[in-house]
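Shared chain: chain A. Partners: chain B in the first complex, chain C in the second.
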Partner chain A sequence: MKTRPLTLTVNGRRHGPLDIPEGLMLIDVLHEWLDLTGTRFGCGQGVCRACTVIVDDADGSREMRTCITGAHWFDGKQIRTVEGHATRDAAGAVTAVSPVQQAFLDHYSFQCGYCTPGFVNAATVLVERLAKAPIAKADVEAMVGAALEPHLCRCTGYVRYYEAVRDLVLRTPGLVKENA
Partner chain B sequence: MMRRRRRRWGRWLLAAIVAGVLWLVAANIRWPDRGPVQTVSAAPEQLALGRYLVDAADCAACHTAPGGAPFAGGVALPTPFGTIHGTNITPDPDHGIGRYTADDFYRALTHGEARGGRQLYPAMPYPSYRRIARADADAIYAYLMTRPAAAVPNPRNDVGFPFNIRTLVNFWNFLYRDAEGAPASQGQSPAWQRGRYLVDTLGHCGDCHSPRGTLGQIEHARALTGNASLGRVAAPDITPAALAARGWDAHALDAYLAGGIAGPAAASGEMATVVALSTSRLSDDDRTAMITYLLGDSPAAAGPSAVAETDASLAPGRAHYLDLCAGCHGAEGRGVPHVAVALAGNSTLRDVNPHNLIIAILDGIPEHAYGDVERLQAMPGSARELADADVAALANWLRVRWGDQKPTVDAALVRVLRSPAAASH
Partner chain C sequence: MPVRQDRRQFLKTTLVAGIAVTIASPGNSALAALLERENLRPAPWNPKDGSLRYRVDATAKACGDKLFAYDMRARNLPGWPKDQAHAMLLRVTRADRVYAGFDLAALGEELKPDRIVTAADLAKDGLKFPPFYGDDLLLPEGKTPAYLGQAVAILVWHDFARYRFAKNALKFRDDTIRWGDETGPLERDPWAAFRYVRVGGETPFDDDRYSTLKDTVVFPGGYKKQLPQWPEALAGGKLGEQGMAHAQAMARELDAPPADWLVLARDYATQSIDTAALEPDNANGWYDAANATLHLIVASQSPQEVAEECAKLMAASRTGAKRLVLHPCYTVGYGSKDHTHMPFYGFAASFYGDGRPVRLANDRYEQFQSSLKRHAFSMKYRVAVERKTGKIQIFTADMQGNGGGRCNFSPSVALVAATAAQSIYYVPRSDMASTALATRALDAGSARGYGTLQSMAATEMIVDEIAHELGLDAIDLRLANVLRTGMKNTQGAIPGGALRADEVLEKARAHPLWKDRAARKADYENRHPGRRYGVGFACVQKDFGTGAEAAFAQVEVSREGKIRLRHIAVEIGTGMTSSQSVLCARWFGRPADAVETAQTDWSDLPLVATHDPWLMQQDVQDKQEKNPRWTPHLATPTSASNSAYFYGHATSEAARLVFNHGLWPAALALWGRGYGGGQLAPLAVRREDARWVDGRLTAGGLAPLTLEAIVAHAYEAGLVTGAVVHTFNRWQWAEAEFPLDGAAERLPVDALALRYGDGAKATTPNGYRVVDRSRVFYPPAQRNNAGVTYYSAIGTLVELAVERASGKVHLLNHHSILECGNAIVPELVSGQLQGGIAMGIGHALHEFLPLYEDGPGNGTWNFNRYTLPRGSDVAVWTQTGEVLPALSETDPPKGMAEVVMIPIVGAIVNAVHHATDKRFYDLPLTPSKILAALDAPPNGDKA
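So, the complex of A and B:
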């Protein structure tokens, strides 16, 4: 297939222009060109959401599935993968994981971990959305369910994933409306 | 003198209006039905026939709510006149048809008159059922009356004035109920005759696939030529020429009506329900008859599917395709079994009317199961990813590449269809 130049920003770092075949899905570029293998290839059909990354634009952050979205769709865009959530020192060593990652660790949310990158990104998008538009406490349970529902976990870890995100949302200042 | 006469005249007018209003009110009050509860016993053959005809007439599509008791009603049908609900047709004496005699049932089914004379709304396809044979109506009655009664009340219909005046349906019936159009195809064989009964009468295909006039009446002069006014998704033109132009032959139609998937075409939305509840349950002979009527006794050859080269002016549409569609439909449009249909040769791309293609790009398509093992995965909508001009470019590239169509979609059309209220254009 013909190639086209692709430039994109991943986890704050600009890549490209890279010579990328037309019609290649982003997950292949992440794995084979950028050596970012944390994003998981699951079903390859857009169903399991293990391949979800975050796209940041003027409207905020949102999820995109990289197994069914062409790499060139991300041309000029900013994305975050699971490798981009932790805080690192100047040498690149992890100094602290993100609050979502910590919540999953605290709740023993995952077993095999294959779906975890997708869950981390989904929960992060949810937390960032609630920071802009807090919801009533009574709505948290349903909102967490709606945000995580599309993500599949074959180790049946759903309860601990959901509890981790619900607790994180409830204890993080600014995500839940006071007196509501 | 003049004034007194005028005053007297005014009094008469007032009395007439009051009488008219009282009549309307009285005619629309539902007096409790105190007729005797009917019990029906029928031979096994008649019950089996009734069950088969209930499937052929697709009663459950409107009269069985998802997750509800069979035939207990509650399915909401949005219409341009308001939301109407399929009613409880179990033998429950108070909420269902438990007090209906076979004569009452026949009148409701074929004339749209509920027991006691109340007019049904023509959302109930009695103008199509008008020609159901009396023996078939009696078999349907026997089957329904021997199902378990469900004491499920009928939801209130949400129909605005003046369409909520049931008596006005009499006037509609006078104009439209008995109209019968010319057949949709040429033929006279026994299979064609049987197919006409299955398509036009029992299956009431025209209730979705025929255009409707301003009062919701089926326009018989343009029967089965498609209708885009019923919801987001249009019912496509299923006349013989249109079917052949989109690549349908008897073999493909048989696979589609039996299982919901035929090569690069898959039933979705309401048509998937029709296949699941009705056409997949028909006998092989009846399905063949249906197809014989749809295509005619001497069907035209189906148009071959073509792959056309596209010029540079369509390149932006191709880029959108590779970015947002090819992950499942494939760079060459071949699709993936059990995931996504092929687009090369796809019926929706080959439709002269781009309506459903644009709606699919904008809204996506929910996942569907077909029978016990076949399924297609959910298709994400791209309304957020693509501006109106991008959707138009993508639709044009697809239609030229695999649909043998001209690139006639423009951003203005996409803008109209993007609005959630868009039902027709």
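So, the complex of A and C:
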């Protein structure tokens, strides 16, 4: 089994170099090496998006599927997982959640919560994208639908996820063009 | 009747078969801090309007905290070794020849497992399945597999990387399993068959001439070529023979009906599906040989079953294990994690980690290959209707559910399918037969809907077709036949409380989607050439509960005023933790501060159960109930939409006892302080005047008191500060009299223990005193035959368009009208409604699994070709729903998590007929089926 060193930054913390076998997917490294299990294994073939994390680079943030993307692809990269969105105290307890997370809380968006990390990351990427490129109010539902469509949820029927993100986008200054 | 036939015999809560069982479930251990940290915070409660801002587990879930068993690794468990071993199950992909071992050459030397466990190893160590699951935890060589996907070996690796690459290497291979002679698939008798015959009296309110409740369920004498051999039809014979005489008379009448009857005979089929719970089945176990202790993390809706059965297995094994520590976690399953086999594979694997904890976790291919499926059903229905009145005269059904190769809940699923088929209708005469088949398919079990999705959706299709044949409005026809309050179901039982399906129907009839459907169709089709528009409706009512609903609940308040709730219930995503917590608010002014779920240690109220509650004979019950510590059943899994009503009853009764015998007398004492009886003396105040306002207790104008002040006095005065109750329901509540405060108090619980304040003498480990009942009133054993007495109703209107060129269905909109009593947390009810509908849409249009060689047993199924509904499939922005207002604030909350997924199925099929003029009888309605029907030559409207 051939291994290579892997260094990456997760939620602002640098990890590595870790001795990671070639061919391993990032989700396995998150789970088995870093003990970050909030990134959920759903299908292993990139279809359900429960395993989505955020990659931050010069172009901004984007979603990546960790069950089908090799760990070494992330070498040197900065990623955010669901564990990194809230503010936590020294003991790791949550002191404040992100606006996306709060929207999901307030809307009772999820049930079992297994897919929630993927939705948190997708919605976060959408909000960050709209902050750079606001859209017309009339396009918000279509944009939210397009951003969340790839994500599977078996419990909720999606309504409370979609409504939470729509309402968040509409009420967050700067995401929607005022006169469009 | 064995509604949930789990054959349990005897359970002591902390000592099973000589094995000490500890449940380290959330709330009482280091793991608890990990699991229920969020719950230990105060619930996000708004005392002004009595609402919950968000779920009590919301923050943890939104932050990706470790809540699921799937998230747990050895390093997370205090005291466990840090090195985690990983295991997988090797499974067969055919079931028509003799299994002759396996060949792992594909792994080479490097990836070879560190430990291989076969049936021979299990036999040596005395490890096997609990009796409920039958034989062959691992299939021994020399036998033909009972079903596709049957496990033959547990492979264990001591490190993750080799496990991962080995597992990848073993996927999709046909050369791993060695085969011997071809035998063909096993042929076995069905798992069970039942027949429910009823002949009503002159009117729906007169006594029945014959019914299951009054007389008997009809059982077959045996099977020939997998067909049940029913008793001979004899009018003067035994009860079963009499039933068959009635059935025969009905069949003859349907064969040669009166001239003014319409008799419609239709065959329906519905598919096997995977519940697709996103958390795959998994377990993680460590056998600590030095201390003879097995620690086991499980994902289960029935942790009580896992605890009890694992303890028995340990006691019967040669492992030397003496102690079991079980860690149930938050999970999700839609029924597929209720009495599933994975915890027992995890249990067995734990003994082969060579000192390391062993994690056995399905990937999605394995999940498809092994998880409990929804039963595929075929149903032959015949319904007779009088043309001039539209009244149903006779309904007969002969249905078969495919239970697969290992009997799980198939008997009761078949039974429930039959007893539910009548749905919202009053049927004067009925003959409902149902058989659970044994096949080589994967085992099917408790999946959301539990047989009723299958049978009631078909009923709604035939009713729509009858209306069409008679030229009647389909909702008018439903109203003409609706089961009204006081009428009997097909078992002859009168459902509890007011039936409100008629109100649902009236609302649907007045809804614009229905009223204006012709105009909307014309308008839509004008604007969308190439699309056919349709509106469909269906309405059902479904039972909740199992007929032997048993629960423990404990509510106590600390000296500082902190409210703690312990419950047997498992959080499976529905929000049960939140709603049970909120139920405490009525009695304490705010929800429970801490909720501990999945509890199985009830040593403060030690009870025994001795017999199967569904098969119990009256004389057995009469004899056993004399023991005040006896109950027909100890604990029911979290399933069957049972949390709101049945679990909620236990929570509320425990909280009520603390209030009535602790807080209320303490408050009266505080109000009565001062010369001449203080502020209380001039007033006439009753307990029913008590109200919590903004977190303080008042009554009849008395000065509001804080919970903390009341509790402090309750402690000082030695009043009740905690209660443990046990409840039992066999389609009616068990009640008992208890000596309380010098009087006999009759309560809807069958056992209780109380904790008193300062100076009280305790007799249990946690400071409680068992109050033995002086009399008990259990529902009669015959009530098992009622089948159902608790119903929730829902109607769904669907608006859709069919693409003529492709057959694809576009869901444009849907509206549902639900009746479910008083919602405990309305947002949770709404979420269940939306989610259930999405699952119903999947069943109607998208999801399909072949049963046999091409199906999930072959290990190649995943979400790439098993299509789950996505946001664009469910009319996410347009859908609406409403809940009928409760009759009063005292209506109980009703179970609704299953019923909500059902009418959408029938409504879609009916809408496709409205759109295309084609009838469909076989689910799912795929584009290719629709296209084939549209392209077929016009020879009637049957597809």
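Quick note on the criterion: the second predicted complex is superposed on the first by the 175 of 180 C-alpha atoms of A that agree within 3 Å, B and C clash if a C-alpha of one lies under 4 Å from a C-alpha of the other, contacts with A are read in each partner's own complex, and residues count from 1 in each chain.
Here is the rule we use: contacts are C-beta pairs under 8 Å (C-beta built on N, C-alpha and C of every residue); 3 or more make two chains touch, one makes a residue touch a chain.
Not measured: the values here are computed from a predicted model.
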item: Partner chain in contact with A:23 - chain B first, chain C second, else both or neither; value: both
item: Chain B versus chain C as contact partner of A:45, first or second or both or neither; value: both
item: Partner chain in contact with A:134 - chain B first, chain C second, else both or neither; value: neither
item: Touching partner for A:1 - first (chain B), second (chain C), both, neither; value: both
item: Residue contacts with chain A in the superposition, chain B compared against chain C; value: C
item: Touching partner for A:70 - first (chain B), second (chain C), both, neither; value: first
item: Contact residues of chain A, present in both the chain B and the chain C interface; value: 1, 23, 45, 47
item: For the chain B and chain A complex, residues of the former touching the latter; value: 319, 322-324, 326-328, 331, 336, 339-340, 377-378, 380, 385
item: In the complex, chain A residues that touch chain C; value: 1, 21, 23-24, 28, 31-32, 35-45, 47-48, 50, 81-83, 85-86, 93-94, 97, 101, 104-106, 108, 110-117, 120, 141, 145, 148-162
item: Touching residues on chain A, where the partner in the complex is chain B; value: 1, 22-23, 25, 45-47, 65, 67-70, 72-73
item: Contact set on chain C toward chain A in their complex; value: 37, 53-55, 57-68, 70-73, 75-76, 84, 110, 160-162, 164-165, 275-280, 330-332, 334, 363-365, 572-575, 827-828, 830-832, 834-839, 862-864, 868-872, 874, 876-877, 879
